[in-house]
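In what follows, chain A forms one complex with chain B and a second complex with chain C.
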Partner chain A sequence: MTVEIGHFALILALLVSLVQTIVPAWGARIGEQRLMAVATPAAIATFVLVLISFLMLAEAYVTSDFSVANVWNNSHSAKPFIYRLSGVWGNHEGSLLLWILILVLFGMAVAVFGGYLPASLKANVLSVQGSVALAFLLFIILTSNPFERLDPAPLEGRGLNPILQDPALALHPPLLYAGYVGFSMAFSFAIAALIEGRTDAAWARWVRPWTLAAWMCLTLGIAIGSWWAYYELGWGGWWFWDPVENASFMPWLAGTALLHSAVVMEKRESLKVWTILLAILTFSLSLMGTFLVRSGVLSSVHAFAVDPERGIFILGIMIFFTGGGLALFAARAGALRQGGLFSPISREGALVLNNVLLATATGTVLIGTLYPLALEAVTGAKISVGAPYFNLTFGPLMVPLLLAMPFGSFLGWKRADLKAAGERLLFAAGIALVGAVIALAVVQRGPWAAPLALALGFWVMAGAVSEILFRARFGQAGSAEVMRRMFNLPRSAWGAAWSHFGVGLMVTGIVATTAWQSEKIVALKPGERAEIAGYTLEFRGVQPGRGPNFSEEIGRLVVSRDGQPVTELLPSKRLYDAPRQPTTEAGIHVALSGDLYAILGDAQSDGGHAIRLYFNPLVRFIWLGAVLMFIGGAFSLSDRRLRVGAPRKARKTAAVAAE
Partner chain B sequence: MLLWLVFAVMSAGVVVMLLHPLLMRRDRDLATADGAGAVYRDQLAEIEADASRGLIGAEEAEAARREIARRLLASEAAHEVPLSGPGSSTSSSAGGSRLALGVALMTGGLVPILALLVYLQAGAPGLPSQPIAARREAPPVNAEMAQLIGAVEKRLRENPEDGRGWDVIAPVYLRLARYGDAAHAYRRANALLGESAKRLAGLAEASMLAESGRVNDEARAALKKLLEIEPGHIQARFWLAFALEQDGRLGEAMADYQKLLADAPPDATWRPMVVERVAAVQSALGGPGPASPSRESTDVAPSSSASTLPAGPTAAEIEAAERMNPADRQAMIDGMVTGLATRLEKDGSDLAGWQRLIRSLTVLGRKDEAIAALDRARKSLAAEPQALAALADLAKSLGLGT
Partner chain C sequence: MTRKQRRVVFIFSGLAVLGLALGLVLFALSGTITYFRTPSDLAQNPIPTGQRFRLGGLVADGSVKRGQSLDVEFQVTDTIKALPVVYRGVLPDLFREGQGVVAEGRLDPDGRFRADTVLAKHDENYMPPEVAKSLKEKGVKLGPDAVHPAGVTAVEAVKADEKQ
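Now for the complex of A and B:
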């Protein structure tokens, strides 16, 4: 019975979201309060209904109810509890349901916490949000219904892809979706602003928390995905410029740009038109990500034909919202009044540079991702655009971005003194140079550019630290005064510093791993040794093992360094029971200086085993950096203050006259 | 019954939530007044706080204050002429109430009714949840079985060369629908103990079922060897013919099926299955085939109606149907129904066949065809009052009218 309740709740949610789309927007149009007020209960009801639906599907998974086709296709009664649960979103239908659940959760949050919004803006925002939910509920009910039943029920399920039987599945999709879907809030606010013709600093203030929350989730979601690929796929890499990865990276880049331009709009009422456009584009990129991953277009263009209905449906949704949003933008953007002026050298100018670079970077990734697909669709030729393309296009764009980043924080609003900012950053520049020299001295090998790239990372980190120290008047005031000032700094300032520091940390990690990774493939018999990056590994043979739903061969490697025992690595090869698929589990020794990473290969005819060894220096910094960005976002989000751009340089008379 | 009650409560709850703001009396909403103004006033307060904490200088504070004040004035000016038109503030009057009432009636009526209609199309209200625990409890043997399997699996992990162990566990896997495992076990048993008819048949069945009922290369090889060991093995002949049918070599498949029928004893339980395949191939070839198959089926029909009830699709076929993707499954079901209908057109004396056809068509939602089939059955069996009574019962139970 529970399954059917879930099904009915889903259908009811569809109809309520229809009401949510039509009635409040109509009310806002004719100015009727009662109609507008329907938005709030409708958003709450949709959330409750989708939640019921999701819980009922989860219940079917947990109890292994194979009379549900979706459960039978993707689960198995022998799976451990946690994977039966996370299996709910380890498949097409379930993950779409999760997508919708998060979407309506955001809608409900606006309904409940949006009391401060003007009634008509709130009604329009929730109406747009409702239309997105409506489109996806239609999609799921018509083409991907997770509640389809089988009668009679099969005895046993077909199991979940073993690669997905991993704790990261519990976190990665929900966070990623929270990011994708969170940007729908920015979209809804942008459309509502265009409909109402109101875009001002207050609007930017209202959008900020939603964008920030979405950006935080997306940052962490992508990082967890990268970390998962690193330890599970067994290639020793952490990012592959795979189209699926790019699909999540593009909204992140656009969202980062949006986050920065919204600050300008909130503080100075500038960049209004651009911010609105970015809000529309960011969500469009999220939709495109969903389309690329969910339609099957990515594995091959031909997968499209296998299930044309689904692919075309999502394509239709994407075209409707992107096209509709852009058309509305084209019609109304001219009517938006421009706000405050600023000179090129100013905080605003720096943020514009940030936006230009990030938007260009998004464009290069977009081309690199879509070009092969388009080429295959048109000519049938299969090409793959990989790391070389992205290193040549994306990499150079990041250099000016990182160089300019610390400057931005030191420039005042409206107009600023570049020289003064440069003087304040001398300390950071010094650290960067010293760091590069030390790196060169210690490593003495690798590409010539690597120490310079490393210096960029140090520069950004030191810049973030200097900003906090400068604002606390470090070196000018007594230590008690400095402490007091540090505590009094707005949390958003701390947030920016943490996030920027995280970026720097990530850059150092990326540079170090890319430039100085060591790799070795050896064939070892029990008792033989191999050496890599100063570690000595002794192979102790292979033993069989048995997990809850797989059998495995575990290799034992005893690791020592300079004669001192360090650890034991246990890389293994697993064979899952259902479906019968092999996976490799890497043996990883985690250290801040770098990871020792071992993969067990096939047995050789002479009794030895092939073993691949990697040493990835500073690789942890990459994910640590992402975590710092997340923490920075959380700081900023918790800042209740409403930020105002106070022109720092005291040439206010001229500034006022200029407006 | 409980299910419908739950649906009713859910719908009612949603309707109450949606109608509440529509039917409530609402004079003037205060919230509209000034969301943006509040933001700017907060911003001003923040400037004061910053200035008093010494985070910004007095002059900067003054400049910022002036900028915000300008925004505040602009937002208030915008409010005096609302974009939505001059009528907005007065529309909570009688006209507004009537409109709200109309929307309320529409919403309250349409949401539950449409939800129910969509659900009736898509849902399966009669199908209970079937958690695996409940199904395992039903026959207590299963718990022992699971233990037994566990023990054998453990022994096989320790000693993978134990052919007898693989031989014992293979059919068990097959019965549990662990087809991949079953095929693997049969493969090992065949390799370790030598090939036997039983093991080859098992291997063929398991590897076919593992691939959604497709007769793959491994299954074909096993079936051919099986025929060498045991010429005339019925299952092997049938599945090889089926493989030909799958490859689109319909003529050859037809010939093989007919040879099978010719060799079949009249009371063979598998006979109807072959007859159905013949009919399906015939319709795939386009209309009734050459004279021989139709003669064949007229020969067959009396015996099948005289013997036990036709078996319907075998367990293996059902399993195969379950493993297929929905489109293939639909095609397979449609093929079976068409086959049955074609056979009954030629020989209408098979009451059980008619019953099955009518039931299938009803289940498939092709109600008009079911009624038409019912009429044809009544005509064909007009001379048999008992059969007519049975048909009437069936029609009543399926709700096909009198």
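Now for the complex of A and C:
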């Protein structure tokens, strides 16, 4: 019964979102307040209906109602509670429902907190948002109904793919979707601005919190995905340039560019046309990501189970919104007024450089991801584009970006002095050089470019610290004054510094892991030893174990360093009960200086076991960097100027004057 | 600086970055792409020894041999032809005889495929898509109910090859 309520709520949501799409837009067109006002209750109603639908599906999962085909296919009564719940979004239909739930949640947030928006803008934004929801509700109801029943109901489910039974994978999709879908807000605002034919600093101020929140979620979502792949797939790597990974990375790159161009638009009313275009493109890339992952056109190790009909439907949605958005852009962008002038050497100039490089980098990733598809469609040749391509194209584009990053924060608006900025960054440059020399002295091996790339990471981190110190007048004013100034710095300044520091930290982690990773494959009998990166590992054999829904073989490796015991690694091979599928669990010793990582392989004919060992130096910095970026975003978001709902007309002028 | 001059500066710097990126993309695409072949594709359309490519197909029944050391030998077949593969290391969880795999590596002078990575799909029910597609084109039945390359063991496949 509850399942039918869920299905019914979903169909009602479709009808309400149809109203939400048409009525407010019509009202805005003829200037009728009462029609525009329909948007708010409609957005709230859609959210409540989709929420009911989602809860009903979750209920079916939690109570293991196998009369629902979706539950039967993806769940099992013996699964722990958390994975019965996360199983809701561990499959195509359920995750799509989550996608829509987050979409309408954002729509409702605008409806509830957007009281200060001009009525027609709010109506148009909610109408566009409603149309996106409408398209996806149609898609789920017509092609991917999660509420389909089975008759007779099977006694037991088929189980969730064991590698998805993991806490990180319970979190990864919701965060990723919040990111993807959050960019729909920027899209809706951009389309509304084009319909209205005007944008101003206030517009950018409304868009930024949404973009920022989406960006934060996407950052964390991608990082959690990477972390999961690192410990679960057992390949010792953290990023594989797999098409599915790229599908989430492209909106992130474009979203990062959007975040920065929106700053220029807000502060200086420049780059309006570009910002609007970027908002459309960012969401289009999110839609493309959804299409690529769910249509099965990509050959990837982690794509969804697919059905060509669905692919065509999503392709249609993507073409409609991207094509429609770009067509509207082409027709109306000329009408937008140009903003303030600035010299190429200025904060604006630096942010333009950031945008050019990020947009180009997005382009190279896009080409690398789509080229195999295009080539196969044209010539039939099956190829793949792997890490070497991305390292050769994406890598070099990041070098100028990272070099320029600290400069950007030191350049003033409108017109600036590069030399003065350079002088203020001498300290950071010194740190970067010293860091590189120390790294070279300590490691004394690996590629020649690695210390230089490491210096780039130090440079960005030191640059972020320098900016805060400079703004607090460190070294010029007394310590009490410095503290007071630091405390009074706008939170957005702290946010930028934290995020940029995070980028630098991530770069050092990436460089160190890539350049100085050690890998060893050994065959050990119990009692035998292996050495890697200064650690000695003694194999103590394999013991059977039993988990809630799997049995396993656990290998024991006692780790010591210079004769001192350090830890024990327990890599294992699991066999899940349902579906009967084996997985490999890595044994990882986590340390800031680097992870020791062991994978248990097959038993050898002579009684030994194959064991694969890795030492990944500074690998934690990669995810730590992403967390810092997230924290930086949170700082910025809490800035009073950007707080959702806070900037009212009167305050806005005061805030601008204060800066 | 006037609006026009500013625009010129930006357009040129934008074009410079784009040009650089385009150069990098073309250079990288010409050097780094890896072709995908099944054993019979490879017979029709050979790849020189030493060039990296990806070999896909099914692990032939009865062909997996684990050596004394960490080396593993097996045959990959598309049921028409088969190719011996050598691999050193830890095989993925879902590596099994009769299952689809994609191996990446090079041909060695003995005509064996020396793989440095072997991928099987995460999920039991699905094949690596290129493998599924290639086999479908060759008329091999796939899917949960299909009998995987039973009958056509690697040895027979190779023998059939010799008769031709």
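The rule is short, and it goes like this: the second predicted complex is superposed on the first by the 634 of 659 C-alpha atoms of A that agree within 3 Å, B and C clash if a C-alpha of one lies under 4 Å from a C-alpha of the other, contacts with A are read in each partner's own complex, and residues count from 1 in each chain.
In this text, contacts are C-beta pairs under 8 Å (C-beta built on N, C-alpha and C of every residue); 3 or more make two chains touch, one makes a residue touch a chain.
Please read all numbers here as calculations on a predicted model, not as lab measurements.
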Notebook entry, point to check: With the two structures laid over each other on chain A, which partner does A:V19 touch: chain B (first), chain C (second), both, or neither?
Noted result: first
- Task: Applying the touch criterion given at the start, work out whether A:R149 contacts chain B, chain C, both or neither, answering first, second, both or neither.
- Result: first
Exercise for the section: Answer with first, second, both or neither: which of chain B and chain C does A:H7 touch in the superposed model? Expected result: first
_By the touch definition at the top of the document, which applies to A:T360: first (chain B), second (chain C), both, or neither?_
second
Return first, second, both or neither, reflecting whether A:A381 touches chain B, chain C, both chains, or no partner chain.
second
Checklist entry - Of the two partner chains, chain B (first) and chain C (second), which one does A:L592 touch, if any: first, second, both, or neither? => result neither
Chosen between chain B and chain C, the partner touching more chain A residues is B
Item to complete: In the overlay, answer first, second, both or neither for which of chain B and chain C A:A477 touches.
Response: neither
Which partner does A:A449 contact after superposing on A: first (chain B), second (chain C), both, neither? neither
Chain A residues contacting chain B in one complex and chain C in the other 579
So, in the complex, the side of chain A touching chain B is made of residues 1-5, 7-9, 11-12, 14-16, 19, 23, 28-35, 37-38, 40-42, 44-45, 49, 52, 60, 63-67, 77, 115-121, 141, 145, 147, 149-156, 196-198, 200-203, 205-206, 269, 340, 485, 488-490, 544, 546, 551, 577-580, 641-648, 650, 652, 655-656
Per the touch rule above, chain B residues touching chain A in the complex are 2-3, 6-7, 10-11, 13-14, 17-18, 20-22, 24, 26, 29, 31-32, 34-36, 38-40, 42-43, 46-47, 50, 53-57, 59-64, 66-68, 71, 74-75, 78, 82-85, 87-89, 91-92, 96-97, 99-100, 103, 107, 110-111, 114-115, 118-119, 122-125, 127-133, 135, 157, 176-178, 180-181, 184, 318-319, 322
Interface with chain A, chain C side, in the complex: residues 1, 3, 6, 9-10, 13-14, 17-18, 20-21, 24-25, 27-29, 31-37, 54, 66, 68-70, 88-94, 119, 121-126, 128-130, 133-134
Chain C partner, complex, touching residues on chain A are 161, 163, 234, 296, 298-299, 301-303, 305, 338, 341-344, 352-353, 356-357, 360-361, 363-364, 367-368, 371-372, 381-386, 388-389, 392-393, 396-397, 521-523, 573, 579, 581-584, 599, 601-602, 604-606, 610-612
